[in-house]
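In what comes next, chain A is part of two complexes: it sits with chain B in the first one and with chain C in the second one.
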Partner chain A sequence: MIDIQLIGLLNATLQAATLLFIAALGELITEKSGILNLGVEGMISVGAVTGFMTAINTENIFFAVLVGVLSSSVFASIHALVTVVLKQDQTVSGLILTILGLALSSLLGKNYVGRKLVTKLESVTSITEPSNIIEVLISQNIIFYVAIVLMIGTSFLLKRTMFGRRLEAVGEDSKSSDSMGLKVAKTQFIATCVGGAFAGLSGVYLTLSYVPYWTDNMTSGRGWIALALVIFGGWKPYRTALGAILFGFLEALVPRLQTYGFELSPYIVKITPYVITILVLVILTIYKGGKTGAPKNIGVPFFRENR
Partner chain B sequence: MNNLKLFKRQTVNELSTFYSFLIGFIIAIIIGSIILLIQDKNPIDTFSLMLRLSVGSIKSLSSSLNKAIPLILAGLGISIINSVKLWNIGAEGQIFLGAIAVNFIYINTQFNSPSFHILVLLLAGFVGGSVCILIPAITKVVFGVNEIITTLLTNYIVFGVTIYLINGPWKDPKSLNFPAAAYVGEEVFLPTIFGKLSFGFLICILFTFLAHYLKNKSVFGFEMRIAGGSAMTAVYAGINAKQKAFIAMLIGGGFAGLAGAIELLSQTHRVSTGISQGFGYTAIIVAAITGMRPFGIFLVGSLFGALSIGGSVIQTIGVSTYIADIIQASTLFGALIIQFFFNYQIKRVDDD
Partner chain C sequence: MRRSWAVGLLIISILAMACGGAADVDDYKAAFVYVGPADDGGWSQAHDVGRQFLADETGIETAYTELIPEDATEFRTVAEAYIEQGYNIIFGTTFGYIDAMAEMAEEYPDVIFLHCSGYLSNDSNFGNYFGKMYQPRYASGMAAGSLTETNKIGYVAAFPIPEVIRGINAFATGVKEVNPDATVEVVWTFTWFGPEEETQAANALIETGVDVLAQHQDSPSTGVVAEANGAKWISYNTVYGKEAAPGAFVGAPVWDWGPYYVDVVNSIINDEFAGGAYWGGMETGLVSWYEEQGTVDGVVSGDIRSKVLAMIAGEFDPPIIEEEFIDNVIGTVNP
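Take a look at the complex of A and B:
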């Protein structure tokens, strides 16, 4: 007999982890190409609101997911244009992408605050109250399984495909890659847009299942935690997933501590994910002593010298 | 065969940042107009209303400049920290902690001279901002933890602490519907210069010159630039790069904390969630768009202050306040795009 609270905890862990993981995985792909995109928070927000609006207006859930993913991807292409094509500062561009994304989604979603969804992203089986671990694992939301496929797919893509090898080469040494005939700008542009698409998927999961409603600034720092997760995972998909589960667990555990007999102020519960993220980053940096596994060219604009 | 190739320009126009900003602003106004048109609003009417209500009278001009104070001070702080090539995304939290520090000192101390009292409270705000960036600064300097993420995350932590304080220990029983701390006494309100313009604006001017001196004229500024440049040069020059980075971060955080103190003593008069309405984030745009130049930050901060006031008053005709945010962010994107053409040259080259 497994504790019903434990089942609930596991369920909540997987849901929170899925949300963080997909966005982190997208950022991982972008960063592998040597482009740092600090706009994750804004991209999630854009995907979240466009997906939600489409779901309200068309009541077609798959179309809503598609719109959310595509609009985030198009939004990310602003960053690609400014940093890849026009070679401007990646930190500045990414930060502004976040600010613009949050403002834009608040503007778009103004008339959608408090609206109720008719159709949501549902779990794949009809089990509503899982009673054991197996049932938890088979009753998750469809996006959870998509995330697993994406994880395996990304790992395969990075290690075993030409595109993945090219991506890594460009991110490690864009000058040599260029002289070997690889298309640096094209690779980086695609990687940035793919990162945006992943953030968009994370966003639609947020508004179409995880919460599910729309309100201003509802991403509440998850994009930044996703950025920290990429560092935590050492730019490796499986380790990033492990990190997401750890963060998801903590996010799920802290509000439940009260049921286990701990007295905790709800205000302290709210700030714990951010405190833990900082703590984890510090411990990790000390432990690794500078060898983080980051792509060498990250943040450096590529420019082919012409004479 | 004809080919387009990219060349880095040998000399870049000195005023390129200014021109980029100007053209970027025009691009942003066009984007804003498109959004207004989509919402069935006349852009010319809306923008002229915004202009009239933000700079059209002494009263509105003074509230615009009041709004500019936190943008300028936080922007200056960001620019000082950027001298050592570090980013401060935590100005929003530093503004809040500055205000919290002011209230803490106000509750726990007693002074006979109001002007001295105000001075102590302003100092408390500065220290509060420095304390807020202390953990990101230590973890950056000692362990090398990415300061962009840590400063950003402290925003959420400080905001959580603010919510806790105004709902818990500092909750004013008289403020029932809107959680907030009790008002500070009128004796510590900052005086006004003219209209509603707060004395804080003079502090702002003073600190703009101070930041300019610190960054560009002082020995410390020179050392900061070397520390932020190459690690080897710093070693050869005998400069302790980590120490410079640490001090720069504390000073920069202090500037934003001071903004929080002024906001409390001249605008809100109490700690509430209204201490900052995203000033710390807008300040990043202000600092980046000017290439981290203090006088530029002063001018663009003033313009964006007016834009924010304009944005908040057009709510009454059913236009979202976010239009101001979008114009500000688009200005920077536009400026980045234009800056490219100042830095690079596209030439048609015949391949052999």
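Take a look at the complex of A and C:
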């Protein structure tokens, strides 16, 4: 019996981690360009509801994923428009995006509350009851493997490609980048929309697989944990993935500790992700002289005229 | 000339008011404040169905505002707006409005405040109301006890507070009545509404080998997990959640606020209302056990019905235990 529970814990950890990781990875790309987007919670909701609605109406799962990803990306472009083109405050715009996204998803999903999904995102292999770690790893949902590909791809993109270099340059020092002839606004706009698309993928994973139905406030705070995860991961894809697994593990642990009969309060486990994030920030500040890995220009609007 | 007309009108209207005596329904307007969306398929929707019943039965003008957080200022803003518009009966349908309602009841002695699930009241314009949900939970426990083959039942529960604990104990007492060998395992989620937390908790229970899941939560997550794992599901609040997991759905302890809302509004109109606390059991129809036909064995179903009738007649009441779990429950009331 304990084997089944350990397998279950591993499974649940990977599911919770996938949701957090994809959204965090998207935010990482956005922040690398110097744009802080606090609207992750809203963007996940928009992707989650549009994906779910499409799946109910068309019963075409891949089309549903596509719609979820694209609509969330379009939704993120509002933030890009406000902060990159109109140069307004990124914090305010991001918060508005969260509030707007949650409200919009409630409105859109009004007639879809509690409806049963016929087609879901399925596991890639036919193993329904994995009995060892290998089987757990190969029986995950397709989005899990997409997340791994995105992780490797993003790391490669940031380190090895021209686009990645430009992205980093813009995020570190937009004025110099502009002098060097880089298109600051265009790069930031694209990075914000890509971040939205990733959040959308996270959203469709939520409603088409992990918790397969729609109800108001589905995301219940996952977007904020994803934001903490970016900081925890020091703006590095692999470390963010590690953090996602840790945070996902803690999330999976809360109910399971109780069934295992441990005497550890679930309240303590619940606050751990936030405590760890703060600790990481404190440790980095003390030992690395404040080098948390944050792009230097984050949150600072770029005015060409002020150069 | 004009002035005497005005005086005459004034006298007539004063006379009309004095002679009017017994008020009628047009003198009252009732406003409802919900914590969730009015169509959440759960707690708030149950209240909204009650509001519509009230409007249909009495003809009183009603209004509602949804998604108002459990926050004193938020509630006050909404309630004051209603009072300005002439609403004089305010229903607050979640525990967290308690302090705001108590304060406003003093400030607005002409407005009636009715608070669901609270413990404060006065003897004039402030009352609280709730239902004995542990009674139908006992009935649902009987159904669960008869359905389990592994003799393991899981219970996804929100917070370790008296209301939830007495519900679990009543449920487990019902389980014991039909199946003394079965256990009820409890997992706390620490949220009334958290689709992901509820999913994780339900999965954790499935992993321990339970084949029937019950819940004290407001989302249908537990049902979706039950359906995916071939388990049975006892829902809560309303029957609307069953669409999400039709294959697993057995039944639900449900709220029906409508009759109470009609009674209390009639008592206000007839000037009989005097605040205080109201705790209605199955005999009032406020709480009941809904059972999907054909999901429970016929004999057991009959036994459940006789217990329900005994509860309605006041001949039987499940024990109210809120300090600890009874012996067939696995878990802790002090996590």
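Some notes on this structure:
Everything below uses one rule, namely that the second predicted complex is superposed on the first by the 276 of 307 C-alpha atoms of A that agree within 3 Å, B and C clash if a C-alpha of one lies under 4 Å from a C-alpha of the other, contacts with A are read in each partner's own complex, and residues count from 1 in each chain.
Methods note: contacts are C-beta pairs under 8 Å (C-beta built on N, C-alpha and C of every residue); 3 or more make two chains touch, one makes a residue touch a chain.
It should be emphasised that the depicted structure is a prediction, and the values quoted were computed from it without experimental measurement.
After overlaying the two complexes on the shared chain, residue contacts for A:I286 are found with chain B alone; chain C is out of touch. In the superposed model, A:S220 makes contact with both chain B and chain C. Look at A:A185: by the touch rule set out above, it reaches neither chain B nor chain C. Of the two partner chains, chain B and chain C are each touched by A:K110.
Of the two partner chains, both chain B and chain C are touched by A:K270.
Shared-chain residue A:F303: touches chain B; no touch with chain C. By the touch criterion defined above, A:E251 lies against chain C but remains apart from chain B after alignment on the C-alpha atoms of chain A.
Look at A:V92: by the touch rule set out above, it reaches chain B but stays clear of chain C.
Within chain A, the residues touching chain B in one complex and chain C in the other are 106, 110, 220, 265, 267, 270.
Remark: chain A residues 38, 78, 81-82, 86-89, 91-93, 95-96, 99-100, 102-104, 106-107, 110, 220-221, 224, 227-228, 231, 265, 267-268, 270-271, 274-275, 277-278, 281-282, 285-286, 290, 303-306 touch chain B in the complex. On the side of chain B, the complex with chain A involves touching residues 5-8, 35, 87, 89, 135, 139, 143-146, 148-150, 152-154, 156-157, 160-161, 163-164, 167-168, 281-282, 284-285, 288, 320, 322-323, 325-326, 328-330, 332-333, 336-337, 339-340, 343-344, 349.
Every residue of chain A that touches chain C in the complex is listed here, in rising order: 1, 4-5, 7-9, 12, 16, 19, 106, 110, 113-116, 206, 210-213, 215-218, 220, 222, 251-252, 254-256, 258-259, 265-267, 270. Residue ranges on chain C touching chain A, taken from their complex, read 36-37, 39-41, 185-191, 193-197, 199-201, 203-209, 219-221, 224, 240-241, 243-246, 331-332, 335.
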